[in-house]
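The structure follows.
The chains carry the letters A, B, C, D and E, assigned in the order they are written, with residues numbered from 1 in each.
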């Protein structure tokens, strides 16, 4: 039987952002529009799945003592690949995300999953875990991007003009903190109510 | 190009790796082996989400008494379990116990002697003229125990804490919170309690409270196993002898002896 | 004339008009008195009478135990009914007390030796007389006076505290009006005992008659002066009084003698005089029975051990249903719920509030208005102490100098959010003790 | 009838002052400026204030319901916030904007921290800053008094070096100049401040050090001292915002430091910063420093020096 | 002109583009280690130390090794490796030779390793074409800005810890709201000195 919960847990129960509070920097910095958020999410997911696969494959060969440096090398390889791919095919998005694409390398989620999951599980589950966690991250960052873009710019994914007087603050730094604060507040409230 | 990059990366890696290994050996500072073990279990990504200085900092914290070992978000449940295995924490709790409040003096049942005004906290209220209840063994009913309970297992009902046995983990945090020392941890299989701590004489108890133990001794006589004794005008049950038969409960004239047969605990009754 | 005062503090409505002209009157003899064996700070006295024994006024019924302790005396003549724990007005707990039933004759035992020539006595002899008379500070703290009068450090100035800064109370004022000569004699005895060269009587400017009469007496003395203080609370606190009159600051955690000063209440001075010169032990004291809840407020000379309800009867009973009965002044007094508790040596007043005055006020969160900081005579941050105490961070409260607080209540009086700051302080102090 | 006596800890008498009475005094103190603003900018000014107050009180009510807290709208603190918020907005601000500002002020500025007494930042200024960042155009179009013609504010004229006449000192003093709703009339604000000083709700430490710093620094940097003090929101800010009890330091020393910081930042932003006015941000930034200031400006406790001396 | 440029770099890094509040970098420990002022001070001292050394070393490595060999794409992997090793080296040295200093700030060193602010500053130094001296000034500016932000944040959180924050907003949500208001205040520095 396939343990599907390895896949779903990352989206809801162990959501890396909202529950585990990891990877906050890109979450705030590049979620000013939905497109940026989605792009960042996919990039992170790509790195996550890639590194999970490789770590899982090599888990028998990596000596325990040097596992962290090896993980970092593996992750940075994927990050560099992503960085260059994005620069080649989506130059404008790459420009928007800026330094945060190479910074995926220090994103705690990715190193964390490699250490906690991929290093101890087979490749199939590692992929599932990677996709799940990546999706969890992508969904949250995209939703935050949508909210901030809608209120701050009046559009969604760059289309339309739904708000006549968009509140600029939402796409500026304070708006990022406020949005996540409110989202987590609502989440907390929901969890307390249904405990 | 490929060769170069491999060389550079490998070179840097080797240089630092060897250097680190060498220096690490040379300059090693001893640390607690237990700490080392915990550090091994922790994810090692030093994300800082636990609020401590990296994984090493948290490992040190875990060794402290009463430390919260559930703070590593990255590692999740698995790591918590491993840490607790290392520390042998779970092993400490031998028997399933539950907190019991030894007073039934609800509002109106236990008489007030004055109207208290001030901080709504039992220990603060207890400082002033020994509390607002006639009985100096009575629950003051400000719910300080409810506030300290980390599991939300205590709720206040008409001025008396009621403990939810399903939620109570038997941690005992509420015990020192009660200024009148009314809460005790009792193994779950014991179902009969004398819910009174008053050492006053019977007449005085009747004046102060409807449900106090008046020390009449009926329960002592009726008990088939001889588990009940009178000490300082108070019936005291020796739990090792008690078989939860409940005969004393029927006999008690003030209903100060109680058989707790809430659904969750029925399984313990033979 | 220059008027002295200290920094910070609050101006309270004096409320003294209720009893302002009320001269001190003797009460009738109570039917029964309850005399706690512990009426002072330190070891309780040990009972030396037994149940059924006949006693006379002034007879010693409790012997001092150890050094920091004073004896207690019977305040009426009659029979010892019981020696058992009774509710104590200060601690709020039960404490061993001697219950004496009056025989109505009010017979004195043979009085002690009169020492009109006290200046021939040594300090030690005077202290002994004072101890045997059972005198403990009548200002409220009830610290054994003989210990205060044998300080290990040199004292150059004795301050007689006639400030009476608590609203409502006017017992000290009336005592000064009635016995100015005796009070000054008491002061001279104190000065001789501690070998102080200077005596000061401090009186707040809201007592013009007392000032007038005292001035006349003091004018006759070369080394005693009268200093008038501006009306402000808590000027009667030792440290504040010393600061106001001499501009000396008692170090934190220290005593007045650390700056060469001794402070005694005018009532204590009077009692010392009575004990030394006339040989009377301390069996009665002046108590102001006041408040809107009392039919006719009075200043009474009360036998120690009389119950509150007896005093209220003497003042014509309650004028309406009482809400709160306070022993002491409104700022630092202790509320009582049982009116059978006795007057003790430290009781300066009985204050009765109606139910309206006792009504609960809505406690809000601190709005950081800093009015408590301006009011605090000890230079603390009461709001922060209360905030940490509220969050049960006792150590942090201690860091904010919790232990320097003397619980004068000025902060709580001014607090617009009606926070019970003093209670937080007491709570935190208690928690830090254990 | 209660048959039992009440027992409580001393003291048993309390002063008459309450949060309600303090807030009422602040409202009374703001009245002169309100009347002047209605005189200058017409009934729309009153409308703005009313909308602001209604939304502030409403938000307070609903957020306290939502967070399951005691409803405390009758202490008038939300009303004060409402009036102050309206006072720091342009007199031609659209109504929807002020409504949003009011909601933000109370919710983000105050209630999320647990209500009155726990907020770190001045709620009205939080509202203004959010509006300023969100709708910079609406927040920086000004109108002249009486005729309502769009015009630049005096500080803007200086900042941009515009070729427009500056108002005279008399007009600055009386309030006949372009500016935020309640900040124009120095006279009216000083009357209100005088009332608060008389009632001892504010002390002069913060306003004096604030205004003094602005005066000294603007003289050093070559600005016109009197003009700098009387234009913009310095008087309103110094007497009504920087002295806000909850968000300013506790001790005298702390209040002086706070005022110095506000003055310094105001001048810095005005002379070297990107916006012509800096009072709002200066106070908000100094609000951040309050916990630190409190930490290092504890008063000397009684009897501490003597120990060292002896 | 060079000096003015340096001051500009410093002020910009310190206030206008505050690394935490405006740039959203290094947020994990910002929320994690800011419970008490004392620990936040230790953390910021550690950041100061590592940021300076890491910026210098990575700048030298990039300009003197990677650039001549045309291996720019290796910068992500190299930098992270360098930083990780450097921190560990510093930690060991400090533990051995300066135990007091280690007690004060050493415990925070490992936390700094995966702090994206360090890596980001290394990248920015490359991206902005800073000279070596500019690199050092920039690192100091960023570190000072970090210190100001985290110490203020910690002092505020200490006060908020005593407040009856609504149940659902306790913990992270209220921290985000505080951060948003701080970030909002820092927007006031926008345009300072024409930067």
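Heads up, the rule we're going with is that a residue touches a chain if its C-beta (ideal position, glycine included) is under 8 Å from a C-beta of that chain, and two chains touch if they have at least 3 such contacts.
Keep in mind the model is a prediction, meaning the values are calculated, not measured.
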Per Cα centroids, the chain farthest from chain E: C
Pair of chains ranked first by number of touching C-beta pairs: C-D
Where chain A and chain D are represented by their mean Cα positions, the distance between them in whole Å: 41
CA centroid of chain C to CA centroid of chain E, Å: 61
Computed distance of Cα centres, chain E from chain A, in Å: 22
Residues within chain C bordering two or more other chains: 335, 337, 360, 365, 390, 420, 423, 426
Residues within chain E bordering two or more other chains: 28, 31, 73-74, 77, 81, 114-115, 164, 167-169, 173-174, 177, 180-181, 184, 187
Residues within chain D bordering two or more other chains: 2, 4-9, 108, 112, 114-115, 117-118, 130, 133
Inter-chain touch pairs (all): A-B, A-D, A-E, B-C, B-D, B-E, C-D, C-E, D-E
Chain E-touching residues of chain B, taken from the complex the two chains share: 1, 4-5, 8-9, 12-13, 16-17, 19-20, 23-24, 27, 29, 45-57
For the chain C and chain D complex, residues of the former touching the latter: 10, 12-13, 167, 239, 243, 248-254, 258-259, 321-326, 328, 330-337, 351, 353, 355, 358, 360-361, 364-371, 373, 377-381, 383-384, 400-401, 404, 407, 409, 412-418, 420, 422-423, 426
In the complex, chain E residues that touch chain D: 37, 151-152, 155-156, 158-160, 163-169, 173-174, 177-178, 180-182, 184-194
Parts of chain D lying in touch with chain B, wherever the complex brings them together: 2, 4-9
Contact set on chain B toward chain D in their complex: 112-118, 128-129, 132
